[in-house]
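Both complexes below contain chain A, partnered by chain B and then by chain C.
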Partner chain A sequence: MQDTAPAPTSSPAARKRIRFKGEWLTGYLFILPATVLIGLFGLFPIVYAFYMSLYRWRVRQGPFVGLDNYQQLVGDWVGAASFIGGLLLVVVAHSLWIGGLRFASGWGRWGRLLGALTLLAAGIAISLGWDRLMTTGDRDYFASLVRTFYYGFISVPIQIALAITLASMLYQNIKGRDWFRMVFFLPYVTPAVAGGAVFRAIFSPREERFANQVMTDLGLPAQRWLYETEPVSELVVNYFITRFGGPGAELVNFTGFWAGPSQALLTIIIFGIWTYTGYNAVIFMAGLANIPKNLYEAAKIDGANGRQQFFHITVPMLSPVTFYLTVLGFIGTFQAFTQLYVMRSPATRDAVDTASLEIFDMFYLRNNFSMAAAQSIFLFVIILILTLYNQRILGRRRTS
Partner chain B sequence: MKKLLALLAATIMTAALAQVDVDSLDPSGQTVTFWHQHDEPNRVDALDRFTADFNANNPYGITVEHLYQGGYGDIFRKMLPVLGTSSVPNLVVGYQNQTATYAVADGMVDMTPYVNSEKYGLTEEEKADFFQGIYQADVFPSFDNQRFGFPPNRSMEVIYYNIDWLEELRSAGLIDFDGAPSTPAEFEAAACAAVQQPFSGATSDTNVLGFEIDPDASNLASLTFAMGGDVFDYANNEYAYDSPEAIEAMTFMQDLFNQGCAGLATERYGDQTNFGAGTTLFTIGSTSGLPYYDSAVSEGAGHDWSVSVVPHVTAEPVQNLYGASVGIPAGKSPEANLAAWLFLKYYTSPEAQADWAVSSNYFPVRQSVAESMGDYFAANPTYEKAFSFLPYAKSEPPVPGYDFVRDEAAAAMVEIAEGADVEATLSRLDEFGDIELAAQSQ
Partner chain C sequence: MTNRGLLRRRTGSGPSAPAFKRDQASGEAVTFQWSHLPLYIALLVGAFVSFVPFFYMGSTSLMTLGDTINRQVLPDVPQWTNYVEAWTDARFDLYLRNSVLLSAITILGMLFTSTLSGYAFARIEFPGRNVIFVILLSTLMIPGTVTFIPQFLMVRGDVIPWGNHLDTLHALTVPFFATAFIIFLFRQFFAEIPKELWDSARIDGAGHLRFLVQIVIPMSRPIVMTATLLTFVNVWNEFMWPLLITYTPTWRPLGVGLYTFIQEAGPQTHLLMAGSVITILPVLVLYFFTQKQFTEGIATSGLKG
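This part shows the complex of A and B:
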C-alpha cells in the first residue's frame, strides 16, 4: 500500500526547517568571502609565523627547534611569565575594582581593596619581569618595545585630544568648514614617504631649516632633531642648567625607561600626530552628528556654557568613537613602520627603532626569519593584551 | 633512512646540475626577465636599447624584458621569499654579499659552465679583456669557487675636492702641497685650514667644513684600505674591524671631528649640496655620483672641482671598488638559464659596454672598452681621472649578512664621530660582525 502521507516539504514545520536551512546557508555564503580573505591574509600569516618561529630558519628552513627561538628572545621564562602575567593582572585588577564599585556595602570595599592589591601585584610583576627580560633576553628587542611604548602612549592620547577638539570646532557653523575639513584630512592621504621627506627637511639639524629657525626666533638653541639620540628630558634639563646654573654646573645624563623618548623619536611622533589627527577628527565628526541636538538645547536652558557642554555632553557621547579610535590607534602605533622607516638614518642609530623596525631588520638584514617570527608573535601577544585592556576599560565606559 | 634518501637525491641533483652540458642546450624561444635597480632616465634608455637590439638580433628568438624593482634593498627583499622557486627572475642585480645570502639557500646558479661553454661562453681572449679584479669578484671562494654573478659595471669611492678653495688655501700659505692631498697629514692640514679660511666663492658662510662624511660602511672600508688594512680577514674568515689599520682610520676621522674640521652629512646628499655651495672642501663618495656633483656645483658656487684617491699611508693608493653584478637565480630550466647568460654576455660585450659606460657613468669592466672611450674621456676629464684609479682597486667583503653589519658599521662611525672610544667601539663592531657571520651559516 502506498504511503498517502503528505510529502515532508509540505508540512509547516518542514517548510520552516527548510527556510531556516536556506537562511543559514545564505548567511554562511555571505560571510564566506570575508572569512576566506581574513583567513588567508589575516589568520594564516599568524599561524605560519608561529610555525616559522618553531624552526631554525635563515633564508631556508632548518630543523625543528621547538621554543628555542622564544627562549633566546626572552632569555628567561620566569621573566616572560612575570611580565605577561603582570599585564594580564592589570585587566583582572580593573575588573575587581569595577566589580567593587557596584556594591555599596562592605563587599564593595573589599572588592576595591582586592583590585588595588592586584594592581600593585601587577606593577611588581611587570617591573620584575621586565628587569629579567632586559637582563637575560634580547636587549635590542626589548629596548625597541620601550620605544614602541613611547610612540604609542605619547602619540595616541595627543592625537585623540587634538582630533576631538578639532572636530568640535569644525562641527560649528564656521565659514570655510568644508575647506578646513579637507585640509585637516590631507596629511592622512599624503604618502608617508612624501610627508617624511618634507618633515626631514623641516626638522633638519641645519640652522637655516624651518624648525631651527623657529627655535632661534624664540631665543632657543637650534636642535639636531632627527639626529639627536639623547632623551628630550635630558636636553630640556641640561638647557636650563646651562642657562641658569652658572659656570661649572654639572650636566645630567638620563638613562633608562623614565628618561623618555629621544628627540629623534619625538620628532617622528610629531610626524605621526600630524598624519593621523585629521583622520581621527573626521571620524569624530561623524560621531558628533549622532549626538541628539536636544541634549545641547536642554543644557543651554540649564545654563551650561560651551566648555561645560563639551566636557559633559560631547566627550561622553563620543566615547564609543573614542574607544574605537584609541584601540585602532594603539594597534596602529604598535605596528607602525612606514613613518619610522622613512625617517630613520644611520645617525639616529637605534634611537627610533620600534619593535616593527627591529623585526624588519631581523628578517631582512640579519636573515633570521625564525627569530623575526618569534619577535612578531611576542609583539602580537602584547597588542592582544593591550586591546583586551582597552576593551575592558574604554569598552565598559562606552557601554555604561 | 629518510635523511639518507634526501641526501642521496640532493647529491644526484647537484651532480646533475654541475655536469649540465651547456653546449647541448637549446635556448630558443625563451623569455628572460631581468630585475634591476636602474631608474635614472639615461640608464633606462640604454637598457631599452639593449633589450630591443638583443631581442631583434639574437638568433634564438630569446625575448628579454628588463624590470625596475626598486633599490638594491628592495630587490633583495623581493628575492628572499621566492628563492629556489620558479617565481625568481632569470637575471637579478645584487651586491656580492646579497648574492652570498641567496647562495646560502642554494638560490643561485653557478655560471661557470655557461661562461666556459665552447659554444655559448667566452673565449680566453674575451675573458682576458675583463679587468681581472672585477672579473674574479663574483667567484666565491667560500662556495667552492662557484661563479654567482657577472659584472656589467663598477664604481669607486673617491675624494671630491674643491680645486679653487685649495688654491686659495695654498696662496694664503695655509697648506704647502700641490694638487689634492695624498696623505692623511696633508688632508688634515687642508681640512682644518678650510675652516679657518672659508671659500671666497661660497654661496653661504654657515656650516663651513673641511670634510663632510656620510656615515657608511663603504666609507669606513675606504679609509681603512687607505691605511693599508682591510675590514675583513679572508684567511680566517672573520671581520677585521678591530685591526690596527681600521683603528688608525677611525682615529684619524675622530681627530678631524674633535678639531672641528669635519662633520657628518646631516641630510641625504647634504654633503653633495654643501660641496656644490662651496662650504665643504672635501667629501667622499662614489664615482657614479659624478653627474650629481656636477649639477650641485653648477647650481651652487660654480667652482672648479675634481676627484682624487683617498689619502693613504701605503706606497700606492688603495681604492674601494664596488658595484652590483648580475646573477642567475636558481629555479628555472637550464635552457632558460642559458638564455639569461646569452643576454648577459651581450650586455657585457664591448659594444654594449661602451654605450652603458657613457649612459650610466659607471666604469666599464673591459679594457678594450676603455680604449674606445677616448672621446668620452676627453669630454669628461674627471671621469677619466677616476677611471685611472682602477688599478688600485680593492673590494669589500662578499659575505652573507654584511648588509646588517654595514648598518652597525655606520652606527659605529656616528658614535666615533660623537666622541666614543675608537678601539672599544670597533672591537664591539668586530665582535658583532663575527657573531652575525657565524649565525648566517647556522
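This part shows the complex of A and C:
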C-alpha cells in the first residue's frame, strides 16, 4: 500500500530508483513509532541527565554551574582520572594478554608480560585513585560503590558456580529434568517485591521466624539479619570469641573496606543468589547443548571420570557463557534496585544502599536532582567500561 | 503436564530453534540409575532451597496472627479470610486490575511497534538502516539509574511543555511500548523468512504492510509468544517507574501496592504473604503453562544478547 506503483518512465534504472524510494518511505514509516519512543525515553534522557548535571537543580532548574557538581562528587580530579584510567587500563591489559595487539610472531610471550605489567599498573591506578576519591569526594556515594562492589563480588561468583553445577547435573540422563528446571527457574520469574516480602519475613530479627528457627535448631544464636548493620566478619569472629574466649575476652570491631559487607547486605545477597541462580543455570544448559558429544565420548575412552570430564571439558567449553554471565551479573549488580529497595529499612541505609539506591535517594528524598544526575553519569561511565569489555570479548569470539 | 508434548511440538516450528530441542541424552531412554542417586539428592536439595520461600509464603498466608508467632509450619485451620482481607481492605483487587490492564496495554503497544520495526530492520532496504538499528540497540547498555530522572521530569512536563502526566495510565505504559531487545528478537526472526515468500507476494501485488499482516505475522507465533511473555514479566515486575510516578492508588500496580502494604502492614505477616501470593500467582500460572517457551525464549535470547 505504501509502495508507489512503478511510474511509467522510460529507463528501467529510473523505475528502480522510484520503487526504492517508495520502499525507503515504507521503511521509515515502519520504524517511526519504535524509533521515536526509544529516542525519547532511551537516548534523550542520557543527554538530558548530563545537561542537568551542569546546573544547580533542586526540583526546579537553577543557574548553570559547569562541572561543580562533579567537582563536589569526586573531590579531586586526579583521583577520578586515576580511577577511571585504571579501569580502562584493565581492558588494555586484557587485550595485550590475549595478543590482540600482535605485531609479529613471537609477540605472544611479550604481550603477556606487558599485559601483566599493565594490569599491575591498572591495579595501582585504581587503588590510588580510589583513596583520593574516598578522602576528598562524596563519601556516601563512594561508600555505596563499595557496597555495590561487595554485592557483585560475592553474589556473582556464587551464582555462577551454583548454576554451572546445577546445569551439568540436570544435563545428565536423569528423570524429571523438566520438573527440576521449572523449580529452579521459578525464583527468576517471581516479582522482586513479592520475593523480597517473603525474604523479609523469613529473615526477620524476630526469634520465631524461619531463619532464626533454623539458627537456633543448629545451636547458633538468633541473628538480626536485615537489621544488622555490623559486618558479617565481625559477627563471626565475635561469636567465636564469646564462645571460646572465656569471660574476659574482648570483642573486636571491624571497619573499613576489608571488613566486608554487613549482615543486612549479605541477606540481600542471599536473596539475589536465590533469584538469579536458576536463570544462569538455564543459560548454561543452552550452552551445554552446544558442546559436541564426541568430546565426552573421547574422554570416556581415555578413561576420564565424571569429575575430570566436568573440569576438563564442561568448564572450559562453557567459558564464553561464564564470561558473558559474569559481566551481565556485574552490570545487573550496578543497576539492582528493587530487591534492595524493598529489603532495606531506614536504620540500615548506611549498611545496604548500593550506588543506584544512593542516587535514587539523592533524587527522591533530598531532591538534589543535579547531584543525582552527576552521580548517575559517573555510574554510567563505570557500567559503560564493563559493557565495552564484554562486547570486545564477545566480538572477538564471534570473529574468530 | 499433559500438554507438554503439544507445547514442545509447537515451539519446534519456526526459525528460532530452541536450544533444548536436541535431546541431550544421546537417544538413551531416561531411566533411573542407582549411580545417579547422589545427583538426585543434590538436585532435590537445590529444589528444596528454591521452593522453600514459596512454601513459606503459601503456608503463612493461611495462618492466623497467632500461628505466625507460634513457630508453626502449617496453619491449624487455613484462614482463607486473609485473602479476602488483603483483597478488599488492602485494595489488591484494584492493584491486580491495574497490573492486568498495564500489561495488556503494554503488550499490545509493544507488538505494534516491534513487528513493524523488526520487519523494516530485517527486510526493507533504506538508507541508514543499520546505523539506526545499532543506535537503538545501544540503549540496551544504558542503565535505568541514569534515565529515570530525566524521564520523570519529562512526564511531569518540565522538559517538553506537554503538561503533567504523572499518575496517568499512559505514562505507565507508553515508555515501555518499544524496547530495543524485543525489536532485536523480531528482526532475527523475520530475517529468516524465505525470500521466495516475499517475491510471490510481490507478484500478487502486495506491499510490505499487507505481506507483513497477512503472511509474516501468522507465521510468527513463536516469537510473538516469547515477546509477549517477556514483556508481561517485565511489566508485572516493574517497580521503580510506577513507584516514582504514581501517588494515588488509581493506577498503582501490584508491585508498588504490595510495597506500600509492606510499609503499612507491620507485623501482620500473614496478610502480607496473602498479598504476595496474589502478586506472584498470575506470573506463576502463566509460567506453568508456557514454561518451555518461556525458558527457551530466555535461553536463546540470553545467549545472543
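Heads up, the rule we're going with is that the second predicted complex is superposed on the first by the 314 of 400 C-alpha atoms of A that agree within 3 Å, B and C clash if a C-alpha of one lies under 4 Å from a C-alpha of the other, contacts with A are read in each partner's own complex, and residues count from 1 in each chain.
To be clear about the criterion, contacts are C-beta pairs under 8 Å (C-beta built on N, C-alpha and C of every residue); 3 or more make two chains touch, one makes a residue touch a chain.
Remember, predicted model here, so these are calculated numbers, not experimental data.
Undergrad: Evaluate whether chain B and chain C can sit on chain A together after superposition, giving fit or clash.
TA: clash
Undergrad: Determine, under the contact definition given at the top, whether A:L328 touches first (chain B), second (chain C), both, or neither.
TA: second
Undergrad: Considering only the touch criterion stated at the top, classify A:Y227 as touching first (chain B), second (chain C), both, or neither.
TA: Touch status of A:Y227: first partner only.
Undergrad: Please indicate which partner A:F199 is in contact with in the superposed arrangement: first for chain B, second for chain C, both, or neither.
TA: second
Undergrad: In the overlaid three-chain picture, which partner chain does A:W77 touch, first (chain B) or second (chain C), both, or neither?
TA: After superposition on chain A, A:W77 lies in contact with neither partner.
Undergrad: Please name the chain, chain B or chain C, that touches the greater number of residues in chain A.
TA: C
Undergrad: Give one of first, second, both or neither to describe whether A:N368 is in contact with chain B, with chain C, with both, or with none.
TA: first
Undergrad: With the two structures laid over each other on chain A, which partner does A:D350 touch: chain B (first), chain C (second), both, or neither?
TA: First partner only, chain B.
Undergrad: For A:E208, select first, second, both or neither according to whether it touches chain B, chain C, the two together, or no partner.
TA: both
Undergrad: With the two structures laid over each other on chain A, which partner does A:R56 touch: chain B (first), chain C (second), both, or neither?
TA: In the superposed model, A:R56 contacts chain B only, not chain C.
Undergrad: Determine, for the stretches 77-85, 149-157 or 401-409 of chain B, which one clashes with chain C when the structures are superposed.
TA: 77-85
Undergrad: Shared contact residues on chain A, chain B side and chain C side combined as an intersection?
TA: 60, 200-201, 204, 208, 364
Undergrad: Once bound in the complex, which stretches of chain B touch chain A?
TA: 73, 76-77, 80, 83-84, 101-102, 104-107, 206-207, 215-216, 264, 266-268, 270, 400-401, 403-404, 407, 410-411, 413-415, 436, 439-440, 442
Undergrad: Quick check: in the complex, which residue numbers of chain C touch chain A?
TA: Within the complex, chain C touches chain A at residues 4, 19-20, 22, 24-26, 28, 30-33, 36, 39-40, 42-43, 46-47, 49-51, 53-54, 56-57, 60, 68-71, 112-114, 116-117, 119-121, 124-127, 129, 132, 135-136, 138-139, 141-151, 153-154, 158-159, 174-175, 177-180, 183, 207-210, 233, 236-237, 239-240, 244, 254-256, 258-259, 262, 269, 272-273, 275-276, 279-280, 283-284, 287-288, 291, 294-295, 298-300, 302-303, 305.
Undergrad: Within their complex, state which residues of chain A touch chain C.
TA: Where chain A meets chain C, its residues are 1-3, 20, 23-24, 26-28, 30-31, 33-35, 37-38, 40-46, 48-49, 52, 60-61, 162, 165-166, 169-175, 177-178, 180-187, 189-195, 197-202, 204, 208, 210, 213, 274, 278-279, 282-283, 285-290, 293, 321, 324, 328, 331, 334-335, 337-338, 341-342, 355-356, 359-360, 363-364, 369, 372-373, 376-377, 379-380, 383-384, 387.
Undergrad: Name, in rising order, each residue of chain A that touches chain B in their complex.
TA: Touch list, chain A to chain B: 56, 58-60, 62, 200-201, 204-208, 224, 227, 345-347, 349-350, 361, 364-368.
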